[in-house]
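Take a look at the structures below.
Same chain, two partners: chain A is paired with chain B first, then with chain C.
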Partner chain A sequence: MSTVTKHVLVAGGGVAGMEAAGALAELGHRVTLIEKDQKPGGHLKQWHALFPDRRPADEVRKYLSRRIDNRNIKLFTGVSVEKVKKQGHDLHIELSDGSALTADAAIIATGFDLFDARRKEEYGYGIYDNVITSAELEDMFNAGRITTADGRKPSRIGLVHCVGSRDEKVNNNHCSKVCCVTAVKQAVEIRQKLPSCEVFCFYMDMRMYGPYYEELYRESQEVHNVNYIRGKVSEASANINNRLVIKVEDTLAGRPLRMELDMLVLMVGMEMSQAGTRLAEASALGMGINRFLETGDHHYGNNLGHVKGLFYAGTCTAPMNITDTISHARAAVTETVRYLTTR
Partner chain B sequence: MKLEGKKRVWAEYQKEIPDDHFFYVRSCIRQTFFAGSEQTFLKIMRDDLGKDVYEDPRHTTCTGIGYHGDVVPFETIQTVVARHFALATEAGYKNIAISCVTSFGIYTEILETWKHFPETLEKTRENLFRATGRVFDLPVSISHASDIIYKFRDEIARKAKYNLVDVSSGKPLKAVEHIGCHYAKMFPKHGIGGAEFPHVLVGMIESWGGDVIDYPERRHCCGFGFRQYLVQANRGYSLSASRKKFESLEPYRPDFIVANCPGCAMFMDRWQYTLKELDGITYGSNETGIPTLTYEEMAGLILGYDPWEMGMQYHNVQSLGLLKKMGIKADPAKRFLTKDGSRLPEPANLLNS
Partner chain C sequence: MKGSTGNRFGFTVNRSRLIDYDASDRLVRDYVTLREPSFRLCFACGGCTATCTAGQHAPFNLRRMNTFIRRGEIEPLREEVTRCMLCGKCLLVCPRGVNTRNVVSVAAEAIKKLDRNEL
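What follows is the complex of A and B.
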């Protein structure tokens, strides 16, 4: 345990911020945790179950809540960090409510925003009743009801991968990494909750990079009969019965396909959060071509910022899953403690 | 469907359309197939709206069909368009009003090319000067003629003699709007309402009392597609594309189709006859065809223009039923008579005649 007590600011009370704050507090440091929402937890607050094992998201939420249940942590919600500036040995931090504070070090964990699906106009999100996002499907899982806008039980659902990711048209070349496996997880959940509902996933590649992801993908086909069609959906519209009609190219069969659906779920990707972007611009932190925070070194300095005493944790640097986010936050704490003890 | 969602998209794709002083460039095929539509546009602009619209008889084809058919090189078409700009410059006009969607796409493509690759602009200036001795200024604005009618749609509504309403029931007429692919699919920012949910014709229809049908194949190509149609062996593609659209829109029982593109208006009209001959199918109510209008004709009807003076009788699918629904008294016997009573040639095989 560290013997030197310092004050560290953690900007962002999502998975990375909560883990980092907890780890720092455990080491005896005084932590100010700033969260822009009214409650900490980030996007995890909305999620019903997690891939690959479909464990309830609540289990991880509870773990993180316990993590920040520490008297060394002061949590402020409904306020965001707007600017960080080096001032002598300290960092001067400005908050959105006009207040300011100083800290010995800071960890930026401002996370990501989900891609605004309205920008992919061809899918008609916000226009056609039953085009929803993956996050909204989690809301349905939480509510225990998967229904169309007019309350019907869907008999066919399509899931579109890579919405807002790997897409030059919306200026996002990056892969959001978690959408493929989220789609597989959600497809399985739909099949389990609505056994008579057909599920089709429309994908570019299946990027099953994490442990047990490939197994889940296989299970989804062998056990749950989820259908996978390699091809991008080019457009969605509604027919006279208000069913969705999609056009997609089946690139394996080598032919175009038209299909009627009751619901279309858009697997929205990750983008640098607006709050993080504001902070980065005001503090001249530097962003990469993917518009996430640019780290000190791509391989061995992935938690380092370009300002001494400022460290990065989690998805403010790039898309990552919860497992990697927690590991990244712990690494940021290691770098922070090393800085505090050696400066 | 959530109209609010569409309104949000429409709000994002608005463009500045000048109020007056246009250099009008005509369409090659419209002057052949719908000559009355361009005259109607000029009449509306000059007589009803009091606008200054200038035409130069030296204006030529933009060569767009040749360009898309791979027989006119890009350098050549840039020089041809530069010559059009030179004519506008010489006449003192900075706002180009374009009748044809193909030309509109060509103009926007060339202007975007010049913007991103300035060396191509310099090369084009050099080519034009060497060939003709002309110089040109870049236009301040590029509008499709439908953009301009869209801009003045409320003013036209205030002068309306008729509305897009069934006078017997008081219900709005149901309209299918079809936008030419080259209007906004290449450069959504240049089209009112963008590429996915264009507002340019929707705005007119709604301002004039009609309802718009949003059907699954709304965005699909009409079937013109230069190489599909111009290469005779490919015409099956053209026809099948049109049939796909008709089959998709048929369940909504539209009263009429309106298009803002020369090829679209022509093919959605004439292929109805062809499909009837080939398949024995018509797509309107009671085994009739669906009248296909140009937006100028639609505006002209609203303003009380004589449909026969606008040349509507030269569509394959006749509009008599539509006119009756709108309460427009147009004598069918006068369809093929000139003003002085001489007989005009009467096309064979008209639908709804």
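What follows is the complex of A and C.
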């Protein structure tokens, strides 16, 4: 086994980037970790608790912080990777602050952006105060206060699945995978924190694909009395009492349904990040029809880019949960090390 | 059609509630699919029905109508196609981009042809 130290660039300091950087550093490689925000941690920074077990997100944040606490890692924040170019055996990397560096290999881990809910204007985000996103509900959980915009305790909250996912109207035909179980998790949390508040999930399909997701779904019904209505919400408006009114078809009853709510939570999906898109376009990396990075082979090569020495980790390739993101990052490290030791 | 035997013997036989897929008629489905291929994309979310003006007051349900067409359930479809006002609001919400309004028009056309033995 080669013990020659190599230099690897990791673009993006979220879950995937931190895990990849940590694993590479552990193997003795020199890592430059580039994060566009002021602090690493990605979207996890905002999250209060994680599905399916509702453990504090802080536990995973702490794990990742320990992971990158390694003298082989140089972390730069507030700067992003703008372009990656093959130069002989090396990769030439340009950063947003105008500087450049050279690496033996690079892992792209630029992650995802949450769907901008204003693009689904019919749901009234940015128009009605009490229409919020799933991420903003996490803010409320963090603050320990779930209230309407005027400070009242909500008595009924609706959660809308598939906002910005599985929707041709916003050019996202893909499923974001994690929103269904996030909705169930948040519904349970609301019921625990506000036992007198009714909670309704409006879903098209319940995609409980991961371990213990279906169990959480069951628990939400059995223990927490969360209500599920099968139908896509078509619009939200406000009535004279300033309560929200939604329209949906109760497809299982086969009749249109109208309901007043104090708060509407939009389960926003995942899109390829803007920073990742910029990098992909500048570096001529292929993107799939879902606009995430296209991998070398979606069965057995989904960490491989089309440029030798360039690897992908995490949600820059497709929506995935934290468990899968960490596994994907580790797999990217395996591919990277194989490349560095055999080229 | 397995219908009532009338009341000559003092009792009736209930019509079967089965969707008898092998006995049903899918000529209408084939006609609609050919002329409005986006029809196949419906995943039954009900967004169309939720926003439908006709459906607020009359028993019209576009999502259910699609299922009737798919299953070859012609009898309930006959009434369904007459209730749509063709306003097209459903087109604006459909997340699968189904040309919903045209599905209704084409289905109505198919039923007329079916009755004239032209399908």
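We adopt the following convention: the second predicted complex is superposed on the first by the 341 of 343 C-alpha atoms of A that agree within 3 Å, B and C clash if a C-alpha of one lies under 4 Å from a C-alpha of the other, contacts with A are read in each partner's own complex, and residues count from 1 in each chain.
FYI, a contact is a pair of C-beta atoms (placed from the backbone, for glycine too) under 8 Å apart; a residue touches a chain by one contact, two chains touch by 3 or more.
None of these values were measured; they are calculated from a predicted model.
Undergrad: Per the contact definition in the header, classify A:E249: touching chain B only (first), chain C only (second), both, or neither.
TA: second
Undergrad: Once chain A of both complexes is superposed, is A:E168 in touch with chain B (first), chain C (second), both, or neither?
TA: In the superposition, A:E168 touches chain C alone.
Undergrad: Look at A:R118 in the shared chain and tell me whether it touches chain B only, chain C only, both, or neither; answer first, second, both or neither.
TA: In the superposition, A:R118 contacts chain B only.
Undergrad: Could you say whether A:I108 touches chain B, chain C, both of them, or neither, answering first, second, both or neither?
TA: A:I108: touches no partner chain.
Undergrad: Look at A:C316 in the shared chain and tell me whether it touches chain B only, chain C only, both, or neither; answer first, second, both or neither.
TA: neither
Undergrad: Who contacts more of chain A, chain B or chain C?
TA: C
Undergrad: A:I127 contacts which: chain B (first), chain C (second), both, neither?
TA: The first partner, chain B, only.
Undergrad: Where does A:E235 make contact in the superposed view: on chain B (first), on chain C (second), on both, or on neither?
TA: both
Undergrad: Between chain B (first) and chain C (second), which, if any, makes contact with A:M204: first, second, both or neither?
TA: Only chain C; A:M204 stays clear of chain B.
Undergrad: Show which residues of chain A both chain B and chain C reach, each in its own complex.
TA: Residues common to the chain A contacts of chain C and of chain B are 122, 235, listed in rising order.
Undergrad: Which residues of chain C touch chain A in the complex?
TA: 43-52, 55-56, 61, 63-64, 93-97
Undergrad: So in the complex, the part of chain B that touches chain A is made up of which residues?
TA: These residues of chain B touch chain A: 1-2, 4-6, 8-9, 194-197, 214-219, 251-252.
Undergrad: Tell me, which parts of chain A touch chain C in their complex?
TA: Where chain A meets chain C, its residues are 122, 162, 166-169, 204-205, 230-235, 247-251, 254-257.
Undergrad: Going by the contact rule at the top, pick out the chain A residues touching chain B in the complex.
TA: So the residues of chain A touching chain B come out as 118, 121-122, 124-129, 235, 237-240, 242, 245.
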